[in-house]
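Before I ask anything, here is the structure I am working with.
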Amino acid sequence: MMDYIVEMLNIRKEFPGIVANDDITLQLKHGEIHALLGENGAGKSTLMSILFGLYQPDRGTIKVRGKQVNIANPNVANDLGIGMVHQHFKLVHNFTVTENIILGMETKKGIVVDIKSAASRVEELSKKYGLNVDPYAKIEDVSVGMQQRVEIMKMLYRNAEVLIFDEPTSVLTPQEIQDLMKIMRNLIAEGKSIILITHKLNEIKAIADRCTVIRRGKLIGTVDVASTTKGKLAEMMVGREVSFKVEKKECEPGEVVLRVENLSVLNNRKVMGLKDFSIEVRSGEIVGVAGVEGNGQTELVEAITGLRKAASGRVLLNGKDITDLSIRERIKSKMAHIPEDRHKYGLILDYSVEDNMIMKVYYQEPYSKSGLLNREAIHRHAEKVMDEFDVRAGKGAASDARSLSGGNQQKAIVGREIDHDPDLLIAVQPTRGLDVGAIEYIHKRIVEQRDRGKAVLLVSLELDEVLNLADRIAIINNGELIGIVDAKDTNENEVGLMMAGVKRGDIA
Amino acid sequence: MPLVAGVLGLLAGAVLMAATGNNPFQGYAYLFRGGLMNIERIGNSLATATPLIFTGLSVAFAFKTGLFNIGAAGQMLIGGMCATAVGLTFMWPKPLLLTVMIIAAIIGGAAWGIVPGLLKAKFNVHEVVATIMMNWIAYWTVYYVVPAYFKGTYLETESRRIPYAASLKVSWLTDMFNGSYINLGFFLAIIAVVVIAFILERTTLGYELKAVGYNRHAAEYAGIRANRNIVLSMMIAGALAGLGGAAFYVGYASNIQIGVLPSQGYDGIAVSLLGTNSPWGVFGAAIFFGLLHSGKGFMNAMTKIPPEIADTIIATIIYFSATSILIERNWDKLRKRMGGAK
Amino acid sequence: MKLAFNLTKIDSSEDNKLHYGRKKMKGDTKLFKKGIGILVVVLVIALALAGCSKETTGFKVGMVTDAGTIDDKSFNQGTWEGVLRAAEELKLETKYLKPSGTTEADYIKEISNLYDAGFKFIVTPGFKFETAIFQAQDKYPDAKFVLIDGYPHSGDYAPVVKENTVSIFFAEHESGFLAAVATALQLKEGEVGFIGGMEIPAVQKFNWGFQQGIKYANENLGTNITIKAENVIYQGSFDNVAAGQQLAAQMFDKGVKAIFCAAGGVGVGAINEAKSRAKTGEEVWIVGVDVDQYAEGIYEGDKSIIITSAMKYIDQVSYDMIKAEYEGKFPGGETLVFDAKNNGVGIPAKNPNLSDEVQAKVADVFKKLQTGEIKVSDQQGSLIK
């Protein structure tokens, strides 16, 4: 009994109209990494917010080191030794690492903040846990992985015993993920305990000791990770069997559909975000673009789809130069685009689902005739697509797009784009933020497009996704094409190194 | 929602009446009687509401495209000037003359709307700045054009009185409403409401305009030319306000005065807010405000409330109900956020 | 009542319809019902109270203000002061209303409101009421109207003064003439100027009279005052205070000693400019208009830059008309002109800026105006503007 450092017993939390947590029990052993697994909206965040003092439970008790506690606010959680590493870092960018760490609990010498002694403590902690943090570096100068470590350091500096990591790997490169796992192991070795919130099964298998699964606010169970398969975990999370490996036939590439020639594009800061980039996508194949966020993928996609002007170079679709065509003319030339940001580009959230379904074709028959919308045809069309792509919405086609869950919103976009029967499908981060069930479904539909002889350009930050789906992989770093590899004869390690800018020939 | 907001506005007005030592029940009784107690007064209330319907529609329409049209006052003024100019220049039969005058008002207002639209689309000049500037350009244009070309026999400050043939007032309507100022402008307003509702709900144009307003990025992604729609939207908004100018200057009034920006331009913003930017909502809100404006004098005459306080009371009702809508809307958002974890 | 109610209802149902896709929460409907409930209660009580309002009988005096406020230190205020004086003396009920705009429709609406509320003796100051009174005198034959500075017409400037209306004019030119004589006598030599508001008859007559007065003083009373064409300006509005200040500053800089301002708010700007100059010891004067503006020009202790004012006794006229009605002698159908002869215009009897000698001489000239020995033209003739 005394092994448990934190116990959340029979927690219930209700929000108007919804039970976010229903009788959930989570017990964290001293010195373990405990994964909290669930789909988006399953109630993970609510549960952790209760532990961190942001919400009060309606029922249930919380015990820390065997003693019942009332965590009224985050300060109480802090005093109990509970710290949280948020998904979105809360750092002041023009402050140094040390300044960020001591923010809010500055030790003072008279009226002056005692940076020196704080910095030496940071240094000391950094060594102890293998964090490798430079106490005097400015946040704006350090990498994302390093920023995350500063967040971890913040918790350690405040003597946290229990660390909650909220989806920590979503912003990291594969190598950084490896480093993070090392750090987590060091933390355990030094006697800390960790709760890891995630929906990535690989990570759980790699590092967690035990795993608590919740689904739609209900506890499904807590299992030993070592003795449970990935498939079993997925099934617990989704509630049905899930396949991971996308079933796909051998690829049969045909004619070149998309040809990008020496394309250079300015980014928002008016410097070259994409440099002299060339790539080809044939019908019947999926070409994946792998790279760490912000290395020119956005510029590439926007230049192909027409959202951004190319500085130089050409884009050809089915042999036709489309470099200077308008967006609408590109769409008419049979280009479809699943955008990276579904809320910014993919959907008009205040429009109904049916209005969103005709976004690119509303001016054509049968959806309109001489400027007048044909509501009936629009409605029928939406119902057809929703039916075909399993889009679920409370009020069917008339629901506001805003009211749909992320997965259903994405399925609606995928449905819309595929329904236009394109020759080229550009899919950017098509499964971002979605749960396993939806990911599986969308992957299947993308492969199906390939098998129908469409050309697919897949841009994703999830290396797994690219490795799984693509037939060929183009690796992009700092706006440049590092190399193109066949998915069949490469591995995560090689692609990961190339993503960091190491050319294939240089890999020992 | 607008009904609750209207009641909240009336309650705020009641508090103000009570605070100044007047009986709110009595005050409102006279206020509503003043606007409705006989057919003539009903006619006058509708006539007062007519320009508000147009400016409210103008603001609401631009808002659907995500644009804040502060320039309804200037567009209205220019529309009115164009209509007056035509009405004073040509001696045609009434139906023909009125048709040309209305077209002139539409063109004038549209021109005044299109400029901020172009500035926004081409140079990303914020439409609030541009429309405010256009208001003053309209003000000074009228200031110089009217005395120079259409001045009255004695008065430099207003145009000649427009002849009956050039007035939107028609005798059968005036007689029907017992000498009221109601005029054809009211029917034009109803037509405008119907047409705008139709455009917004049933046409590809409305679909595009709203798409740009709701999410400009997504609209561009879908191949809709956002800039073209911004210009178009401001043009139509200007045309609506211009029509409002015709309804006011050659309908309600009988000449155009210089040195005055019509208050209806700004009141249109409140109308649009209370009407939740929907055409029929605007219609209802404008009638409500028209009723308040038109009943105010009688409340004044029958109670001890001085005119200055009465103006404040009406303004309180209008702006309290309009802002209630905003509070209401944010309240909804807040509630959604509280229940956000599904 | 029902109409208003229905319209607001349309409003809300429309909102529902257009947001058909959005989930309406239960609470909203409750709020709706509650809102309707409150509205109904308010209206029912309001109607009940309205029903039992007491009917006042007899003679109630109403006034509709022109553009501007009731405390405009000029036209509206003058008229209203006369109404109040009469009402106090004769124990009458009074009420003034402020139209929401300056169109004929706005004026008529307020006249109707006064009439419907039982105020059947209505005073309206300003030429802008001309066409409104033209209609009102027919529409409300049992009401009495006093129209100051104008006469009723249908828009064609052909006067139609009905039995229930009195049209009142002032001899502004005589008033301006007297003020000019006083100013000239006091200053003896130097330059003067004129700032007008809009170029309308009343303001023009002030200007022309003023110029004739200067000329008269130069020719007959031994003064040497000049007025240059460049210093006779109509600003174009009655409310641009800043422009008034600027115009006055320019004239003072050019060496003008006194400015006659017949310009409402524009004159206020000129007065401000003169006050700040007077504080630094500069000798500048303003000639006030309509009412005695001495108090407006005080800049130090009781020293004022208002040398004199060209007055129209508006308050006296509105008082007289009410009294006439009270005594059953209302001069309906007449057009009355108030001038020096009937003491309708003049300059203030007291102003410390004028010496007794000057006052005496002006009084002399005033008498000559009354006897007709001096004639002032109300036309431009060869005068400036």
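Which chain is which? They are A, B and C, in the order written, and residues in each are numbered from 1.
Heads up, the rule we're going with is that contacts are C-beta pairs under 8 Å (C-beta built on N, C-alpha and C of every residue); 3 or more make two chains touch, one makes a residue touch a chain.
Here the structure is a predicted model, which is why all the values come from computation and not from measurement.
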Between the pairs A-B and B-C, the one where more C-beta pairs touch
B-C
Report the chain whose CA-based centre is farthest from the CA-based centre of chain A.
C
Distance from the mean Cα position of chain C to that of chain A, given in whole angstrom
73
What whole-number Å value describes the gap between the mean CA coordinates of chain A and chain B?
48
Averaged over CA atoms, how far is the centre of chain B from the centre of chain C? Could you give it in whole Å?
30
Per-residue overlap in chain B, given as positions that touch at least 2 other chains:
335
Residues of chain A touching 2+ other chains?
none
Show which residues of chain A lie in contact with chain B when the two form their complex.
15-18, 20, 41, 43, 45-46, 305, 307, 326-328, 330-331, 337, 339, 344-351, 355, 359-360, 362-363, 368, 371-373, 375, 405
Spell out the residues on chain B that touch chain A in their complex, using ranges where they run on.
202-205, 207-208, 210-211, 214-215, 217-225, 335, 338-342
Per the touch rule above, chain B residues touching chain C in the complex are 1-4, 6-7, 10-11, 14, 23, 25-26, 28-30, 32-37, 40-42, 44, 47, 143, 153-157, 161, 179, 181, 201, 252-254, 257, 259-260, 263, 274-276, 278, 280-281, 283-285, 287-288, 291, 293-294, 296-298, 300-302, 307-308, 311, 332, 335
Can you list the chain C residues touching chain B in their complex?
1, 3-4, 7-12, 14-15, 18, 25, 28, 31-32, 34-36, 38-39, 42-43, 45-47, 49-50, 53, 62, 65, 69-70, 95-105, 108-110, 112-114, 116-117, 119, 127, 131, 139, 155, 157, 198-201, 236-237, 239
